[in-house]
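Shared between the two complexes below is chain A, which has chain B as its partner in the first and chain C in the second.
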Partner chain A sequence: MKSSKLMRCIGAIFSTAVLGAACAACLLASAFAQDVPDVGPKPPVVVKPMESHIGNLTGHAAEGKSDYRRYCAGCHGDYGDANGENAPWLEPKPRDFTMATFKCRSTLTGTLPTDEDLFNTLKRGIVNSNMPPWNTFSNQQRADLVAYIKIFSPRWDKEKAGTPIKVPEETPITIESIAHGKELFTKLECWKCHGPHGEGDGPSASTLTDSKDNPIRPYNFALGKDDSRFKCGVTNQDVYKIFMTGVDGTPMPSFADVIQPNDAWDLVHFLRTLQVHRHSKENDVLMAAHGVIPPYVDKNPPAAAPAPADKAPGGGQ
Partner chain B sequence: MRTKQMQFVFLTLLVSSSLMFAGTVTGKVTYTGTPVKPKTIDMSKEPTCAKQHATPVTTESVVTGPNNALENVVVYISSGAPDDGQVPAQAVTFDQKGCQYIPHVLVMHTDQELKIVNNDQTSHNIHPLAKINQEWNKSQPPGTPPIVTKYDKPEFISVKCNIHPWMHGEFAVLKTNHYDISKGGGDFKLPNLPPGKYTITAWQEDYGTQTADVSITGNESKEVNFTFKAKAY
Partner chain C sequence: MRMWAQSHLCQKAQRVHVVLAAAFALIVLILSTSQSANALPAFARKYGLRCSACHESWPMLNFFGQKFKDNGYQLMNDRDAPIWQNPAYWPVTFRITPIWHRVSTNKVQADSVPGNGDGATEQKITSSGFDLSGLDFHTGGTLEKNFSFYVLPSSDATASFHFETVMARIDNIKGSPWLNVKLGKFELDNLLSEKRILTLTGNGGIYQLYHFIPAGDGNVFGQMGDNQLGLEVMGHSANDRTRYSVALLSSNDGQVGLPYGAESYSTFITGSQAFDTGKLGVDRVGFYAMAGEAPISWQTNGGAAIAGSGGNNKGYSREGFVGQFYFGNHADVTVVTQHGEDNVWFGQGYGDYIDGIAPNNYIPGVSVLPSGARNPTWNGVLVEPHYVVSPQMILLARYETIRMSQQSTPGAPSNLGNISTYTAGFRYNPFMTSRAGWAYHAEYNWWHQDGTSPVSATNLTSSEVLLGIDFDF
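And then the complex of A and B:
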């Protein structure tokens, strides 16, 4: 009687213990079941058979791999995710190729750049950033690198590059053109970021952030002399493209929907005068006008609302 | 003759029954803990906007109501209901007025027309920070026509205006028409659900997502509540 009671008691204790252990194991298992990370070294980069086409040059991703790992990965990262070992110390941050968002394009905002756009960026470098001009490379090396950076985003598998915007022939550089450009600079509120004198000190300048919330500075037009460059080139055509297509990934928007092509040239001419220390035809024209930009006079004011038919000249019987 | 009539009756019954048995999921979204207090926005850098607001505007990332209600939460069917593929013909409008986005959270179906208008006397730049869809950034000075666009992939997209850093909105691009945004009391309602098993997701821009499974038979009404843990910062 006694022993059976004892046995039952031991049995109960034992079963509770077993149950408890099972429960603990269960809990442990469920804890481990939550998203077990893939531990160990990251898998190797899969080099997709990407190509680039610049003129009659053809670049191949596989050929670009060793150059990328030697010269680019330090900032842009082995995986193209802008997490290279130098990245934390860079300002502005290197491009993240997994996003396939590029600053210098001849194509509209939100579209992929052409191979030539990327090729030119490699050749030119990006002023005011840590991206140097890679002009020690051969054209073939640059073309291969353009192909290589496309392996990092699936957008390059699915989408085609955007269509380059049409840049009409440049209009004559006159003081009227500069005056109209100034009017646009004011009206489109370029000064909110770039400052009234283009010195990058507008009221919103200090609050600007890029698409990853890192602080970024607006372009200061007044810096530099004859060597001053824009982020995406040096020619008037380049300036035209910068504000029409926007600088994707940064606060600089596209103005393609809001500026007419000829008006855009007026803005280009005005922007050149903000480069006060750079010799240019625009600055010559401004000097000839004694350094004063006259107020803009609209030669073609928008047509007044049509008068009612009965009051129109020669109208009504 | 008679069998044909019977068939017809049967068919009509069948068709109408699928319409008749439409369940509803209702519920409340609430929070626990102490949510961050809305911050007052200083618009003095943009006088044309500042003068539109008699009382200073506050941030809208967490909007609360009485009894711990959480507003502006997008509640939608994330699985179970096959997307009927019907993209609403009507465009959704995202307004910029008084240097604020109206509405703060805008829900749209994939490929639904999105119209962005500027009703301010100042230039805005619309910069939706898409990661799955295409990121773009366009200037919209006052008096210019609306920007008409659409998104083809489901995604929650933060929208900002770089010129006015306090401006912040959200696009919720969904591949379903079964959605609601929690209102004043944290209430939401998902009507017209045919019988079936569903996963319902609630998304709050700062607190992330929560899901709940529910199964609907006939035209019953089920209650599903979501509780988010408020972050203190």
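And then the complex of A and C:
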């Protein structure tokens, strides 16, 4: 009797332990498991031994996997294909890493961005989108994430990143520079998308789509106040880079082959005056000229004005 | 006797086996049937970020979530104002937790003979069963860029509601993240937030440090864990590495209607700095200090205290350091220390007379302190390590200890009121979406206090096992 009780007791303890172990194994297996999509036989993501190099930092894709699942996959998708569960409700759509086409680069259009470009985008976020600034991360976390998003496209195996363009020293901000920038804004037909006053309401604005045929809105310069930012930065150097490298995956082309560096700076100075609520040196210069941009005097004027009078771009003030 | 004990132990083991087997079977069943769901927690559905983006493990915030909160529930991507949302968007989340738990307390005051009313003995009481937590309705968000709110009607398990949080806040005043103001009833700016605690048991579901009162002390006003009424100014760097906050609070322990002092206020100050420590991650160190005054005397009517008439304010303080240390992507530990001190009058049972917490009402010219009475002081530390197995699963533990360094009454045992408590558990989220939160929760807590059992004034011990499903929608 005593032996029987003892055996039952041992049996009870043993079966409890077995059940506990089975439960723990089940939990751990579930915890370590990849998120598998509800539909389709997609295999788990294979993490290639990709690296990123930013200064002295080396990022490793394997280290970025957990953070990618935690922070990024909801929009960009577990497979980096911009198909996260939240993607259908986002506007603009999240980046498709399988295409390896990136808006914010320091490299020429059509080339891969540098690791530092991606690193800076993570830190800065994309204004007017659902991509926040991930500036609470450590630099190592960001470097690891940059390495991780490179596993999704074979382009990173076959191509090297482009060479960053050189940003020459900024020319002086003068009313003449602004006037020439305005002239270029007309000549290059920036107004067709961005609108005559840079409010994103040009005649082509409603027809624009990105490289995946998703509707896309041109940048509205007039929005925002002193804290207004561009998608790819906030400084004059950033603006210079935006139109010299283009915004890949969008209708915004590169103007690197069209205008000279000095002309590009003039355009930057004019664009700043379209940010009418932002305090800037360009707006100070314009104010000093009583808010009037004088006609640009050129020895070789364009053959014809491309826009009707009421659509011609105006000054920012 | 020994045989009986063996047999009794065996029967107990069998009972425990049955309960554990049922619990494990329940967990396995739940895990095997779990699948993705689409629900709409307030902020996640607004921004489309998974819960894990802001929470190390829901509801505990990570640094990104803390920055979001510090920015007034804004991501700062110029899409924060409601004008950018679908007009049908309504920022509401509710949270409730059905549970099974087993609670055991070694010394509960009891009649020596059931029904005789003498309350002369102590009994060990152990009970178990299915239960509910209270229900929280969280609603919060932006009304316009840099104007935000948070309202949290909260109920106990019987659906008796109160306002846990009501606040309006203005952020980035003059375009600076260093100046943000909120007014109302809110959680103090504790780096380790009790409102976002990962544990749910009666004693493990709070931070003992945030609520500690020495044995016999009548001061309920220094509870850092309770939401308080007041005004807070806080600021932070753009990446939230540097933070500060200063709050002016009514010494009402968050109770509306000015029930306590006529003019009694407290302050709560924090500051912290985070560092990028390379492969370890971002680590943060900081300090906090709560200091204030609260009443010890009350006007009476027919012998009963009159609400709002408290006076003869006396002081108290709690201060300490906080450290949040990460060791890569998986392990972290948070440490909070505290040194606390109450005025001697609180230590002698003056303070919350109106609620009957403090037995004594100070009467000027009549009330006197016992000879040698002094300010009670204590020190405490809280250590909470986590192991994040994956963004879906976290293992957690906690050890807290509070040691009296000076008793108010000379001759009182030096360890009277000391607390030690251990908690361990895990939370597992079967799915990760931007729509809903769902966590399988298992936890064990053991709690011990020296010399405070209700009759014999000996050591009091309590333990609790809790299994549940914590969800919000």
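Heads up, the rule we're going with is that the second predicted complex is superposed on the first by the 257 of 317 C-alpha atoms of A that agree within 3 Å, B and C clash if a C-alpha of one lies under 4 Å from a C-alpha of the other, contacts with A are read in each partner's own complex, and residues count from 1 in each chain.
Quick note on the criterion: a contact is a pair of C-beta atoms (placed from the backbone, for glycine too) under 8 Å apart; a residue touches a chain by one contact, two chains touch by 3 or more.
Note that this is a predicted model, so its numbers are computed, not measured.
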**Study point:** Which of chain B and chain C A:Pro261 touches, first, second, both or neither
**Key:** neither
Practice item. Return first, second, both or neither, reflecting whether A:Cys193 touches chain B, chain C, both chains, or no partner chain. Key: first
Check your understanding: For A:Pro133, is the partner it touches chain B (first), chain C (second), both, or none of the two (neither)?
Key -> second
Exercise for review: Please indicate which partner A:Pro164 is in contact with in the superposed arrangement: first for chain B, second for chain C, both, or neither.
Suggested key: neither
Check your understanding: Which one hits more chain A residues, chain B or chain C?
Key -> C
Review point. Regarding the shared-chain residue A:Thr207, is it in contact with chain B (first), chain C (second), both, or neither?
Key: first
Point to revise | Residue ranges of chain B in contact with chain A within the complex | key: 45, 122-123, 125-127, 129, 131, 134-141, 144, 147, 162-165
Review point. So in the complex, which bits of chain A are touching chain C?
Key: 2, 5-6, 8-9, 12-13, 15-16, 19-20, 22-23, 26-28, 30-32, 35, 38, 63, 66-67, 69-71, 73-75, 85-86, 89-90, 125-141, 223-227, 229
Review point. Can you list the residues on chain A that touch chain B in the complex?
Key: 99, 101, 109-111, 187-189, 192-193, 203-204, 207-209, 211, 246, 248-258
Study note, to complete from the structure: The answer for chain C against chain A in the complex is residues 3, 6-7, 9-10, 13-14, 16-17, 20-21, 24-25, 27-28, 31-32, 36, 47-50, 52-53, 62-64, 66-67, 75-79, 175, 238-241, 276-282, 329-330, 389-393, 426, 428, 430, 432-435
